[in-house]
Amino acid sequence: MSTFFFFVQLLNAIQYALILYLVASGLTLLLGIMGVINLAHGAFYMVGAYIAFAVVQQFGNFWLTLPAGILIGLALGALIEKFLLSRLEGADHLSQVLLSFGLILLINEGQRLIFGNDPHGVEVPKILAASIPLSNTLSYPVYRLFVCAVGIVFIIAIGLIMAKSRIGMMLRASAENRDMARAMGIDVKFVYLGVTAVGIACTVLAGVIAAPLASVYPGMGDQVLIQSFVVIVLGGIGSLSGALVGSLLLGLVDAFGKQFFPNYAAFLVYAAMIAVLIVRPQGLVRSRGT
Amino acid sequence: MNARLEKFDGAFLLLLAVAAAFVPFVLSGYEIKLATTITIQAGLAVALGFVVGPAGLTSVGHAAFYGVAAYILAMMSPKSGPADMLLTAAIAIFGAAAFALVVGAVSIRSRGMYFILMTIAFGQLGYHLFNDTGIGGKSDGSYVQFRPELHLFWTDVSFDKAPRFYMLVYVVVFLVVGACWWLRRSAFGSVLLAARDNEARTRAFGFSPYVVRLIAFVISGGMAGAMGYLTAAQHGFVAPQMLAWHASAFALVMVLIGGKDTTSGPAIGAILLLLAEEILQRWTEHWLVGVGLIIVVAVIAAPRGLVPFVAGLFAPKQAHHG
Amino acid sequence: MTALLHIKDFSAAYGEVPVVSSVSLDLKAGEIMALTGRNGMGKTTLLRGIMGLTPVRRGTMQFAAEDIAAQTTEMNSRAGIAYVPAGREIFGSLSVRENLIMCARGGEVGNAWTFERVMALFPRLGERINHGGKQLSGGEQQMLAIGRALMTNPRILLIDEATEGLAPLVAREIWRTLSEICASGMSAIIVDRDLKRLSRIVSGVAVMFRGEIAFAGTPAALLSDDALVRKYIGL
Amino acid sequence: MRKTDLLITRRSALKAVGGAAATGLLVRAFPTPAIAQAAPLRIGFMLPYTGTYASLAKNIDGAFRQYVEEKGGKLGGRSLEYVMVDDQAEPSKATDNMNKLVDRDKVDVVVGTVHSGVQMAMVKIARESGKLMIIPNAGADDATRSACAPNIFRTSFSNWQPCFPVGKVMAEKGHKTAMTITWKYAAGEEDVRAFKEGFGAVGGSVIGELYVPFPEVEFQSFLTQIAEKKPDAVFAFFAGGGAVKFVKDYAAAGLKKSVPLYGPGFLTDGTLQAQGEAAEGLLTTLHYADDLDNPTDKKFREGFKKKFNADADVYAVQGYDSAALLGVGLEAVKGDMKAADAMYKAMGAAKIDSPRGPLSFSASHNPIQNIYLREVKNGKNTFVKIAHANLADPGTGCKMS
């Protein structure tokens, strides 16, 4: 493998990692701050992709999909917290697993009822439709670089919010010690509402942005779900920086695994996760809420 | 578990056992096959309920043990005639238990969500093992050409006929459910509960919570394997999807609907869910909406499950404690 | 003048086991009360009950003439109750500064607790301002827990095990700051076993025994009765 | 073949107490089929009505009924009624679902299915029960090779068929080396094997085989490997959402211009609208094209369009021909399915004027059909030429008794 293609694979790995991070960060917020395990997270990713498809089809403008995705994601998250998750307070993970499993079935069937079963494509916006030639055979789509940029902006933004803002501190405090956070006057219920709304909106947004890349089809969330679980377990539940490390690790394992062990690519991801957990049962990055 | 719930639990089990015994006499054809499937799934749910309830381990990977045992039968079955049931069953159950030992040994070190995610990962690993590699027929699955036969000293017993196979399933599931019922009440069950509710106390009594949970996990994994073996024998066909996490989650739904803190609950959950599926499918193409709704409503309305819920209805009115 | 905190027939339980039964207690604004007794007698449960962290099973509980028995913890906090738990329970993933400013809530103009004022009260925290909560020593954690509670500008401070497990020198500093805080007009209930130190800042003392208040009176009255002290406190 | 079913006689007396077992009552909410000859023939569709392949199921089911309606609602003098079971493309439930049709609904013919794994489970039951089964899509080679049986017919293709001719097409274009990429599952591997056989036969060499874990759709790393190895051409097999994404990614990576992409027609069938510009100019091979200029096809497409307000596709053709094949059999025995041997013989010898062109059957009951080379033009799979006329699957290992 030449140095040149090594760097191309590295770019692939990073770009894949950034998309994964968009999905996984929402999931890890829910897991870390609320202790809620949400199997339906992949389904929300699919919801995002279908929002992108519907909006582009209706209005012909890709840029409208971003606010639409965020708004619908926030609303969806708030509704789910208000009417479902909040009722599980004090229940164990089993209830959460099953509630979200039920949600998967409902969302998947809902998608079929509304959009049918055909796969759909979402056109890349004109301004980003070009490709940059890397070699005489290979070029890199500008849209993928755009996705990278969105991912990096998102990492910085969410990192700053979590690290510097009072809201970030409150979130971290709530994640660490719910009772003490309440004793300090933090309305934890409201925090949960916000976190669920934002966490799900992140994932929906990831789906929106990925739609032109990934195409839009039923059940597209399943794969993403399992992969982002792996990311979170690698990085440590509730840790945003851990999720970043996990995403990068998974991106690398994925891109280079497919290059060097093409027949065992699927195993490698899980093998990596199990190996990490044997050495460090609480994930690579231990601290919560950072 | 309080005494009333325990009584209800026992009564439900008895009722189920008696009702199930009538199946080969009152049902025929497809209905016996359906009853066989449901009975096997009930056994799987009860086995899973044993780790979810007393051991407090929310395993989303039990389908892997079920599927591994099924594949062991498929791989051991000759193309030309029936396999030896005792031998293949022993190896399949042992194999499933051994896999459970590996999965458990690694996963039980983690608690809570990590445990859940670890079991999902192991289940998917199992799925890819059979889907991606040449072991056991790849993605299109593999046949068990002939249903295994029981070689006794004086004769060979064939289970080709549906009623007789049902009886075999009935006996095996009866044993598994009975074992779970007994284990929950045994000293081992108490230690398990103690490990779930108060780790420190378990340690003080000289038991390692890790070891106790692992033993329960392996027992349950072996039982799940027995159910997988029966499924492979019933259908004569195995496929990688048997191991995937969706299958595990479905088994968990059964456990939760019925009630994880009882032995009868998971069995009742299995019966209700599979019947609901059967009926909804005839009714609408979008039957999964119905299943999804059942799950969501069950989780919200009766989070402890149906059996404790019913037992609660018969509870004497008590002074309300805040 | 009506009591700032008025508790009547308060009972709380964990599951089936009653932990606190029929406790009645009144605290006037500006009053400092000591709560003492052996371990496991219900002191922590009583404080948690006031904070709303342990549900009230029976009885009434009023704060500033408002019924708070059914209020959530965060509502109690906003009403002006602050809690320093026995295990400190500072937020380990937050730095010292973050622990403090996260909790800040405005108070009375001129007399409000601000970041600077807390820093002045605990100069040692100032030296470790950017350290993570988990890196602090026990005494520093206690200072931070008290400082954090002050940042919410409470009307009453509930302090559980004020000096438990601290080195004598550090404990002395905590006592110094506590008397300073109390002198500012704050109400407080302080749980500690060090009756001598307590008696210098409190006006009343209550002794809990098996979930009930076995003695209520002045510190002097308690200290003068050796039998009482031996029975209920075990010194 | 051993029969395992229906071994217990119905005991009506005991049935009266059926309430004892909760199972019985709830499920017995449907009528017992009548036995009389005049009664309608029961057709059991076992298709993935939900899930990824639901649109395939819809078209197969719809076109089958279309054919029957065109024949006045009767085949061989028998009217038909339909029972549908959703197999969810889920192999682990396949046996239960097949049992529903065979044992519960007592259908006379099973039509299904799409997913190869499910198909193999169905094949086993069809072999054991002797029930007539017509496969309207799934391409698993074994179904008409080692697992073939007199009562099993396929109207679609074996995986081998559309892939074998690709090699010849590539050689004609002057390609000497190729790489393959597909999902790591049985159908993908069968396709690649068939392609290699065909490409090898004309002197081409495969310099790399890439397998994507199923059903993953992250191709970027593989595309980089293709760019690095620079083969003359690439053979790809994906379907559905995966096909959409692969074709788009391939074009976006700039590979389409430098390394031409070929594949079996599933790469572009039912997915063109979603693939858009990226698919233009792709060359694929299949037993159907969107503009075959024959009267049967025209009539079929018009009828389909009228009935469903959608364009017919290859899956619809397969469903349509399933009905046609059944019609040939029933015609030969005047609707008497008890004359199974005669019926199967007639079906095996059927010469069907299909929308896809002439259709007949090999000894192993797999279609003998033209494989067309198609090019994507303006969002249509347009006919270029016949890549391989009257191609029959080798049927290796089929021992029909």
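As written, the chain order gives the labels A, B, C and D, with residue 1 at the start of each chain.
Definition applied: a contact is a pair of C-beta atoms (placed from the backbone, for glycine too) under 8 Å apart; a residue touches a chain by one contact, two chains touch by 3 or more.
Note that the structure is predicted; figures quoted are calculated from it, not measured.
The chains in contact with chain B and with chain D alike are A.
Taking each chain's centre as the mean of its CA atoms, D is the chain most distant from chain C.
Averaged C-alpha coordinates put the centre of chain A at 36 Å from the centre of chain D. For this pair, chain B with chain C, the centres built from the Cα atoms lie 51 Å apart.
Note on chain placement: the centre of chain C and the centre of chain D lie 75 Å apart, centres being C-alpha means.
Note: centroid distance chain A to chain C, computed from Cα atoms, is 43 Å. Counting partner chains per residue, chain B has residues 128, 131-132, 286, 288 touching two or more of them. Within chain D, residues 50, 184, 213 each touch two or more of the remaining chains. Within chain A, contacts with two or more other chains are made by residues 109, 112, 263, 266. Every residue of chain D that touches chain A in the complex is listed here, in rising order: 50-55, 58, 184, 210-213, 215-218, 220-228, 230, 240-241, 243-245, 248-249, 252-255, 258-259, 270-271, 273-276. Against chain D, in their complex, chain A makes its touches with residues 1-2, 5, 8-9, 12-13, 15-16, 109, 112, 116-121, 123-124, 131, 133, 135-141, 143-144, 213-220, 222-223, 254-256, 258-259, 262-263, 265-266. Partner chain B is touched in their complex by these residues of chain D: 2, 4-11, 14-15, 17-18, 20-24, 26-30, 49-50, 85-86, 90-92, 94-96, 99-100, 102-104, 116-117, 119-121, 124, 140, 142, 184-187, 189, 213-214. On the side of chain B, the complex with chain D involves touching residues 19-20, 22-35, 37-38, 128, 131-132, 138-141, 143, 147, 160-163, 234-242, 247, 271, 275, 278-279, 281-282, 285-288.
Those residues of chain B that touch chain A in the complex are listed here as 52, 58, 60, 106, 109-110, 112-114, 116-118, 120-122, 124-125, 128-129, 131-132, 245, 249, 252-253, 255-256, 260, 286, 288-289, 291-296, 298-300, 303.
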